[in-house]
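Each structure below is given as structure tokens.
The following pair of complexes shares a single chain, chain A, combined with chain B in the former and chain C in the latter.
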Partner chain A sequence: MRSRWIRGLIPALYLLLIYSFILLPVAVLMLFSFQASALPVPPFNGPSLRWYQELFADDRMISALWHSMIIGVISALIATIIGFLAAYALTRFRPRGSQILRGLIMSPLGVSYLVIGFGLSISANQLALGKSLWMVIVGHVVVNMPLAFAIIMSQIKEEDISYEKAARDLGASEFMVISRVVIPILSPGLLAAFLLSFTLSWDEFIISLFLTRFDVTLPVEIWSALRTGLNPQTNAAGTLVFVISVVVLVSAYAFTRRRKGASR
Partner chain B sequence: MTKGSQVSIQGIDKFYGQSQILDDINLEFAAGSYVVVLGPSGSGKTTLLAILGGFVEATRGSVIIDGIDVTSATPSKRPTTTVFQDYALFPHMSVGQNVGFGLAMRGIKGDDRREQVEEALQLVGLPHVFDRNVTALSGGQRQRVALARALVVKPKVLLLDEPLGALDLKLRRQMQDELAHLQHTVGTTFVHVTHDQEEAMALADTIVILRDGQVEDAGAPERLYTRPATEFAAVFMGDSNVLPASVLKDTSGVNVVSINGLDVRFDTSESAPPEVVLSIRPEYLRVDRAGDVNLGMWRVAEKHFLGPIQRLVLTSGESQLNLTLPPTHKVDISEVIHISVDKDSIALFTVEGKSA
Partner chain C sequence: MKRSALQGWALSGPALIVTGVLFLAPMALVIVYSFWQRVGGSIDQTPTLANYQKILSDPTFANSLVNSLQVVTLTVIISVLVAYPFAYVIAYKVPPKWQGILLLLAVLPFWTSYVVRSYSWLLVLAKQGVVNNALTSSGLISDPISIANTRTGTIIAFVHFFTMVCALTIYASLRQIPDTYRKAARDLGASPFRTFVAVTLPLSLPGVVVGAFLTFVLAIGDFITPQIVGGGNELLLPQVIMLQINRRGDFPLAAALSVVLLLLVVIVYLISAKKLVLRRPT
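The block that comes next holds the complex of A and B.
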């Protein structure tokens, strides 16, 4: 009886430790974003929304937040579109050398963000494009497209080709087949790819740092704020980044689940 | 192209790499006929249907529908539609949207479309499912929706790929009757692929028997059943007694066939080879001496009561015959009975199985 109790306790303790290790820093960060005094260190004397108020009054932070939003949406959209086209072409038409093409598409995943950011920054200078938020979009498409591609590829089912055949049989042009049949059937996967790409872009730091100068993204703005010292307002910004990421990721997960449920 | 034929299949060959799936297929289907392409799996029947639908390109030969060569036309440009084996109903659309898809692709909108869709659903006996989700339908209902979706665009030829294969036996027989009725109502040419000979006989005006990519026989079901062109066709179209026999030339110039050690006078064609194979349906054997051809005395080895009929297994030496009789006919096991058969009920083949 006693030994069973202990046997149940050990895994529970282990899990508690692991999850504390993972989540405690985030929990502390979030807690001290509600700090009433000027330093995000114990003792906690909140809760107060003071620093959220200051955050939303901070023009630099808010414009960085908008930049991150816009970059996230545009880069995720481009990554999803390119990823979809590549995945569809490789699964349906199986061109010669499709294994190699697939490897090439996936290859940015194996390259560190540092190298990609640095490389793009040099290229931008060489091509006289300079640093800008547009270059960040390019960088985020480079790193997120392989993921979008992999997610969408995994959702394209061999059996679904019969829907495409049926559509063609009923007089649909290739454009109609893709817009009326392929995309709607794949929509949960496409949304999941879009949302995941968005979150990865949303809190991506290194590439954004390399490719921005005056207009920056939220993670870069938070980083420069941190350099000037600890401040609960930075905690509030971090909390915002975290909460938005979680919401988007959970929706992405829900959409892939729906696709699995629907195909039975 | 023969006069009166709507679909003309001319010299179709299909190779996948080195392996030949179809070998010189030549067929003509009359407008408004119900054609069943029958064959075992691997006979090439599904490939032939896919070539008619435009999903597979023939290696050689051409397909002509209503005088127009459609050999290289894509599926969307052909006057054909297909009922797929798995129905392939669009899972993200309602029943009404599924059936209306083809009309939408033809630019038919609004009330016009709705009206035609309702009409098509009415035709297949599903009048109240317009807004239903296709995933909420039973197998038989999906089948009907697939039929409505394919018929609503008024194709010249409707292609059906094992349409009843996914249904259970009872539903299959029911749908079979409905398909026949439907074809009669709409008058469209149906080309239906199956491996079920009972289904084929119940539905077809014309049956095409395929084997290893070649046409073994094609024609009306009655003709195929009573006078099959090949031994394979005879056996595939239902039970048949297959007996080896020798052909001897009589002094008077008439061929005499020796069956089971018994010489019977029997006119065969002049060119009949010395060794032949006879095929006789079990129900055509007579348990008296009144038939044209006397088959001698046989012993009843087995008797099986099957409800509407009884089936006997007869033996004589090494030979064996299957025979069906009305259950009212009293026969005992071990009884020795006289068997005869009418000449018209015998199909004669060479030992290779070709018509002799």
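The block that comes next holds the complex of A and C.
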């Protein structure tokens, strides 16, 4: 009886230890964003909203935040649409060499963002294209499309083909089959791909650093703020980035859960 | 038949254009650049191996390569060792309805940006930071220890992130092992330890290999964590690449170093792909 109790205790303690390790930095980041004094280190003498006020009064930070939002939405939308079309095409029509095409489309996943950003930046240079937020959208499509493709492909099921066949037999055009049958069936996977692409774009730093100059994204702005050392305003900005990502992901999780429940 | 193949090509067209024009072409340009050379302020486009010779002969580059390999290898080993028991407990000791929530909680910090996550570790590990504060005020040490701006700092921050990556892949692997396999081993008289060593561990190795591979690929190419947490005392390969680009403006040399980085990933991919095929249960 006693040894059984201990056997249950050790895994529980291990989980506790790991979760403390996992959550420690975020907890410290958030706590000291409410610091009242000028350094985000102990002793904690808040809570104060001082650094959030300064953050929202900081025009550069706020415009960077909007840039990140817009780039996230546009690049995630493009990545999801293109990834979906390819995933659907390669699983349903299986053109010759689809195995190779699949590997090709996923290949950017194996390459460091640093090298992708560098490659895009020298290519833009070669073509005399300036650095801009548009280039960041391009960069984020390059890295997120393979991921959207992989997620959506994993959701396409062999058995759903009968619905598509039925629609075609009833005279639906290819466009109608995709818009009325395929997309509704795949909507949880499409949403997951979109939201994941959004958060990855929202968080992405190094590609944005390579491809922007004056107008930057939020992680790049936070990066420049780091040069001045530890600062509670950076904590506040980091907390904001984190909270927005978590809200997006938790709602995605809740949404797919509800869909699963509803279909049962 | 022919029509459907055509449709397949048409629908995957945009993805192939993105991959070809926006990924493969820039990568090809990086490779081409690596055979050019910066002379004075401009780039000489006569093909040469000068950059690669420089990488081999100048100890700065060899050192950064060795540093990167050491840091990343340690990161892979520690992450797998920390993540395995964690994934095991979640997969087998926690009721199924809690597993999803626990995993979600574990990957939460995963969704802070690289920059923010590394900055958080700097806060925790800094001389006046939380860890040093706790250690000194509890009397365990008298003077704050430097963890930030050292290799240890980089490894801690890396392990933090990659424990999660490995935990997910190992968890997925563990869940795929049918319960009946472990039950059969137990019924045949194997001890829990023997069951683990002879059944569970070998069957979960694909998850370990995938996790270790992802860790290697993502860690070896990461610039942010070593730069923010590790500082500039001991440079890793991505830091040296960024230095060539930003400070020296030597794009051809940076391109050659990037090619070295790509080659490392390809080599590790070939090794782990072979392992995966060998170990996959039939």
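The definition used in the following text is that the second predicted complex is superposed on the first by the 250 of 264 C-alpha atoms of A that agree within 3 Å, B and C clash if a C-alpha of one lies under 4 Å from a C-alpha of the other, contacts with A are read in each partner's own complex, and residues count from 1 in each chain.
Definition applied: a contact is a pair of C-beta atoms (placed from the backbone, for glycine too) under 8 Å apart; a residue touches a chain by one contact, two chains touch by 3 or more.
All of these numbers come straight from a predicted model, not from anything done at the bench.
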Superpose on chain A as described above, then tell me if chain B and chain C fit or clash. fit
Counting only touches as set out at the top, which of chain B and chain C does A:253 meet: first, second, both, neither? second
In the superposed model, which partner reaches more residues of chain A, chain B or chain C? C
Kindly classify A:107 by the partners it touches after superposition: chain B alone (first), chain C alone (second), both, or neither? second
Pick one for A:73: touches chain B only (first), chain C only (second), both, or neither. neither
Mind working out whether A:173 is in touch with chain B, chain C, both or neither, as first, second, both or neither? first
Chain C, chain A and chain B - angle at the middle CA centre, rounded to the nearest 10 degrees: 100
Using the superposition on chain A described above, determine whether A:165 touches chain B (first), chain C (second), both, or neither. first
Touch check for A:184: first (chain B), second (chain C), both, or neither? first
Quick one: is A:49 in contact with chain B, with chain C, with both, or with neither? Answer first, second, both or neither. neither
Which value, in Å, gives the least CA distance between chain B and chain C in the superposed three-chain arrangement? 9
Per the definitions at the top, what is the overlap between the chain A residues touching chain B and those touching chain C? none
Seen from chain A, its contact residues with chain C in the complex are 8, 11, 14-15, 18-19, 21-26, 28-29, 32, 39-42, 81-83, 85-86, 88-90, 92-96, 98, 101, 104-105, 107-108, 110-116, 118-120, 122-123, 126, 138, 141-142, 145-146, 149, 174, 199, 202-206, 218-219, 222-223, 226, 230, 234-235, 237-238, 241-242, 245-246, 249-250, 253
Considering only the defined contacts, which chain C positions touch chain A in the complex? 4-5, 7-12, 14-16, 18-19, 22-27, 29-30, 33, 82, 85-86, 89-90, 93, 102, 104-106, 108-109, 111-117, 119-124, 126, 128-130, 133, 160, 163-164, 217, 220-224, 228, 238, 241-242, 245, 251, 254-255, 258, 261-262, 265, 269
Residues of chain A that touch chain B when the two form their complex: 159, 162-163, 165-173, 176, 180-181, 184-185, 187, 262
Residue numbers of chain B touching chain A in their complex, please. 53-55, 74-76, 80-82, 84, 86, 88-92, 101-102, 105-106, 135, 149-150, 153
